[in-house]
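In this document, chain identifiers A, B, C and D correspond to the written order of the chains, with residue numbering beginning at 1 in each.
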Amino acid sequence: MKDVHAMPPDRGRLTIRSVGLSGIRKPLVVRRDDGVHHLSATFRLAVDLPSERKGSDLSRNAELLAEIVDRTAEAPVGSLEAACSSIARELLVRHPYATEASVEASAEYFRRKGVSEEKRSFEDYLLLAEAHARRAGDGAVGLQRTVGAEAVGMTACPCAMETCREELLREYPALRDASLADLPVISHNQRNRTRLLFELDDRAEVEVDEVIDAIERAQSSPTFAILKRGDEGRVVLNAHRHPKFVEDVVRDLLSGLPEIFPRLPDSTVVRAETRSEESIHKYDVGASHRISFGELRRSAA
Amino acid sequence: MKDVHAMPPDRGRLTIRSVGLSGIRKPLVVRRDDGVHHLSATFRLAVDLPSERKGSDLSRNAELLAEIVDRTAEAPVGSLEAACSSIARELLVRHPYATEASVEASAEYFRRKGVSEEKRSFEDYLLLAEAHARRAGDGAVGLQRTVGAEAVGMTACPCAMETCREELLREYPALRDASLADLPVISHNQRNRTRLLFELDDRAEVEVDEVIDAIERAQSSPTFAILKRGDEGRVVLNAHRHPKFVEDVVRDLLSGLPEIFPRLPDSTVVRAETRSEESIHKYDVGASHRISFGELRRSAA
Amino acid sequence: MKDVHAMPPDRGRLTIRSVGLSGIRKPLVVRRDDGVHHLSATFRLAVDLPSERKGSDLSRNAELLAEIVDRTAEAPVGSLEAACSSIARELLVRHPYATEASVEASAEYFRRKGVSEEKRSFEDYLLLAEAHARRAGDGAVGLQRTVGAEAVGMTACPCAMETCREELLREYPALRDASLADLPVISHNQRNRTRLLFELDDRAEVEVDEVIDAIERAQSSPTFAILKRGDEGRVVLNAHRHPKFVEDVVRDLLSGLPEIFPRLPDSTVVRAETRSEESIHKYDVGASHRISFGELRRSAA
Amino acid sequence: MKDVHAMPPDRGRLTIRSVGLSGIRKPLVVRRDDGVHHLSATFRLAVDLPSERKGSDLSRNAELLAEIVDRTAEAPVGSLEAACSSIARELLVRHPYATEASVEASAEYFRRKGVSEEKRSFEDYLLLAEAHARRAGDGAVGLQRTVGAEAVGMTACPCAMETCREELLREYPALRDASLADLPVISHNQRNRTRLLFELDDRAEVEVDEVIDAIERAQSSPTFAILKRGDEGRVVLNAHRHPKFVEDVVRDLLSGLPEIFPRLPDSTVVRAETRSEESIHKYDVGASHRISFGELRRSAA
């Protein structure tokens, strides 16, 4: 059979940076300290293409993805990111003409959590991972990995709370009682979606549960599937005792990381992104930042 | 050329209820009392197919849609629903083998509104319309029309407010002052999305701006693109003075309709559907109901 | 604590048909003959609300969903539909004021399949299930169940194939050779998404793998994750030897069901819905039908 | 009223790169040589935030967006990109503490086109624009602009065509006739979505209709809303006479640009991204590249 992909291009002589598959869904089995997790992951994988080839042999991508991912049904992998790294390395093996391979994956992830022990249930999060493999002139392969997660929580607005306090003080003079000075008052609050991603060197690792915990602590409050009446009150109260702008979510999240991940080197870069689906507007507000652990440590000093 | 559509089916002899196009986007120009509106509408149109034909001639659907909709650039139509009705009737003309035609359309709709006159800006809503044409045995064509809209607003939870009040009364005894009995206290609030649809007889008409106004009154508060600090406080206060479950939104919306639309006959059927994107949960809560104006009037009596 | 839900409504006295949760994600473990499947399901659950109550106690929905679904981690359930039926029955137990409960669920489902044994890999499908429980006057609970699936495959257009044949015959007289009379010629082909749902009586059961197989046979060709060059050619050839309108997909799918599911009673109702994401248009074409097994059997007689 | 945004952060001292609004919808009126276009645009706008401020004054973003965009109802703007540039500049005026402002917008765009003059109808495309304003140390504001579009068309696979040809030659020896050597044979074909974006210097301009035309020429064939039988055949034939991998789409698109846009300077950078929604797979394949006009011109030399 004619190998059309290996032929020279009809027109133009360009190296193409990225050719691959996207939106491919696969079941992936991950074993962690807390047990086995069955994920459904979405993958995107690509390699570059030299100028003398018409096409990239994409069926190899589907084959190797199947091999690496299907194998986890019997031999679970350690993490979504570990699967991405294996795939990225193998892409360079099977595409000998390529110099770069990139893999991105996301997968829903359930954790049993609850406002109290007896009200635990599965809460859903998103795991995020990337791996970029690059072949050097001497054939050695370098790897860059990104690991992270997204968590949905709640933010309450600190500005509207102060404006409402002033208005309520006008309407209700009894509120001026000194014992009510720190009374949490009404504000708008809403669903908030926050991502945190670590660009990791070498053998550095982060535990996704710690990533999720860090995000939830930076929001005004985590949210829960099961909330009986009293719990609901406590969650609302907690959120209004920690009112946060999206700016606060990003700042509190990032500035707390050196303490949570003391072993990560200064060269680790983190990206935080948060979006509040405002209850008082039809649009969202958001904030994002990218910074190294070194800068974070210096800014805290 | 061979007319493959008109041939008998290869296998099976079934009338098919619905064959057509979906996800087709068109610009539509509507002239109303307040001026000309340029809409971008999504259409879905279908007819039934008798058992003796292999296929429906779908290119006729695209042709007539283009004719009717393109013409509005020069001669605007009165409403999205009027366009749907014309299309439904014309579908039966161009598909002489069909006995039923259905058209559904949705289009984003902007209204200039504001928390005050000088803070007016465009708020986005969704217009919804359907038309179902049916050919009777004598060739006469009957038409059923549905007209409605969707508006995004805000709900504040009445239950969490009472739970928080009890908790705050425990923590802050000064709150027991009689003058604070009706103080609005913290609760969770969130983005709410509500639809209202009218199944209209004969020549009955509803004005979409009145539909949107009715929805916004039934939510805890409408929301706005531009809110300076004081406005934001007033919107939050307004929402907390009208805390609503999704059940309240549906009930208040429906029970208020006979007064807003006094001329609609008892046979008019309305459908309400509301969904709150809960700030304290990762999932949504919703309510829906379908009822006739006759029943609404009797329940109010 | 004040039970705000149990209070009478502030305004209006309407029974509300449906109040509940939507978009709630849960891991669900299903054990079938071929092994254990770990699904990630999206649930929607609702009950009706009598006119004298302000609200439905929605935390009960989240609790019972967690109980029934979490339990499957240790004791897998037999099917997504079985989980829906348990949830629907339990909704009526925990909402004693309700007379109807409805549960809808969808879940991605992976099957290992391949164009040949050694090219097997996971293909993704969608499982669909519904359960509606109704409390009769004597307290007895009736249950209606719906089970189905969605599969993505490929359709090739029979009409464009004949038009292209005529054009090619004009341009290439050598094609008029009698031995080329059944040569499959070019047409447009595209991604097709087809759903089949069974509304089941009593204890009737359908096996989802058979549902998926039925759908894939009714499309021009199933599609596969791994296709080496020769396989790709065979899939394309197979699709062009079975060109199908969306009408053909629905008709072939439905008319083949009595033979595949001989034990289903005449009262079983099936719904088929198909959508082709046309390669030659920016919009989709689709067809749908709803029919009983009795009618299907009579039309085949 | 207390200005909570202007207060120092509660914790952490970090400059935040990006704080703003997203998903905000606005009607925008654009006047071009071919007439007035009424667009519905989605905007995202953000500025950076210095470490000494708790929050960015986001209501200013909504206000200036409304002012600039609402004004176009009376005084249409020249392009979506021109609106983005005005907004980006104004963001730096209203956020005096910010050093960078970014605006991204997308808007559906209809062009009347047809396979022939009498079958013209509206086809839908996507306009894309970005503007990044940066305040230098001396207060001068620099601006980077990006302009582009997305078009949906069709690709037919060149590899499957050759594999099918070999198979058909085996099955149909009469096909070996020399006059049939260039007969286009069956392949898989599918919906293709391609974007082209120009990063523009200074006063360089590109005409979006030329961008869309360039994309459609690089696909195997453009697609149309209205296709009667003969037209459909011609579109299918055209696509199979120009079979293209996603790699070909990117390469043909980029390598043709210097001829189409001869006046753009070497420093102009273009980004192309294409995705084919494969008919033979459940996933997509794609390719992307980013290159300067200088490199494009040198590679063609």
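The criterion applied here is as follows: a contact is a pair of C-beta atoms (placed from the backbone, for glycine too) under 8 Å apart; a residue touches a chain by one contact, two chains touch by 3 or more.
Keep in mind it's a predicted model, so treat the numbers as computed, not measured.
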item	value
Result of counting contacting C-beta pairs for B-C and A-C, higher pair	B-C
Euclidean distance of C-alpha centroids - subunit C vs subunit D, Å	35
Whole-Å gap between the CA centroids of subunit A and subunit C	31
Centre-of-Cα separation between subunit C and subunit B, whole angstrom	26
Junction residues of subunit D - those touching two or more other chains	1, 24-25, 62, 124, 159, 163, 166, 225, 227, 229-230, 232, 281-283
Category of the chain touch graph - line, ring, star, complete, other	complete
List of subunit D residues in touch with subunit A within their complex	1-2, 4-5, 9-14, 16-25, 46, 49, 51, 54-56, 58, 62, 158-159, 162-163, 166, 245-248, 250-252, 254-255, 275, 281-291, 296, 299-300
Subunit D partner contacts - residues on subunit C that touch it in the complex	123-124, 152, 154, 157, 159-160, 163-164, 166-168, 172-175, 177, 179-180, 183-191, 221, 223-225, 227, 229-230, 232-237, 239-240, 277-283
Of subunit C, residues touching subunit A in the complex	1, 3, 24-27, 38, 40, 59, 62-63, 65-66, 69-70, 108, 110, 112, 119, 121-122, 124, 225-230, 232
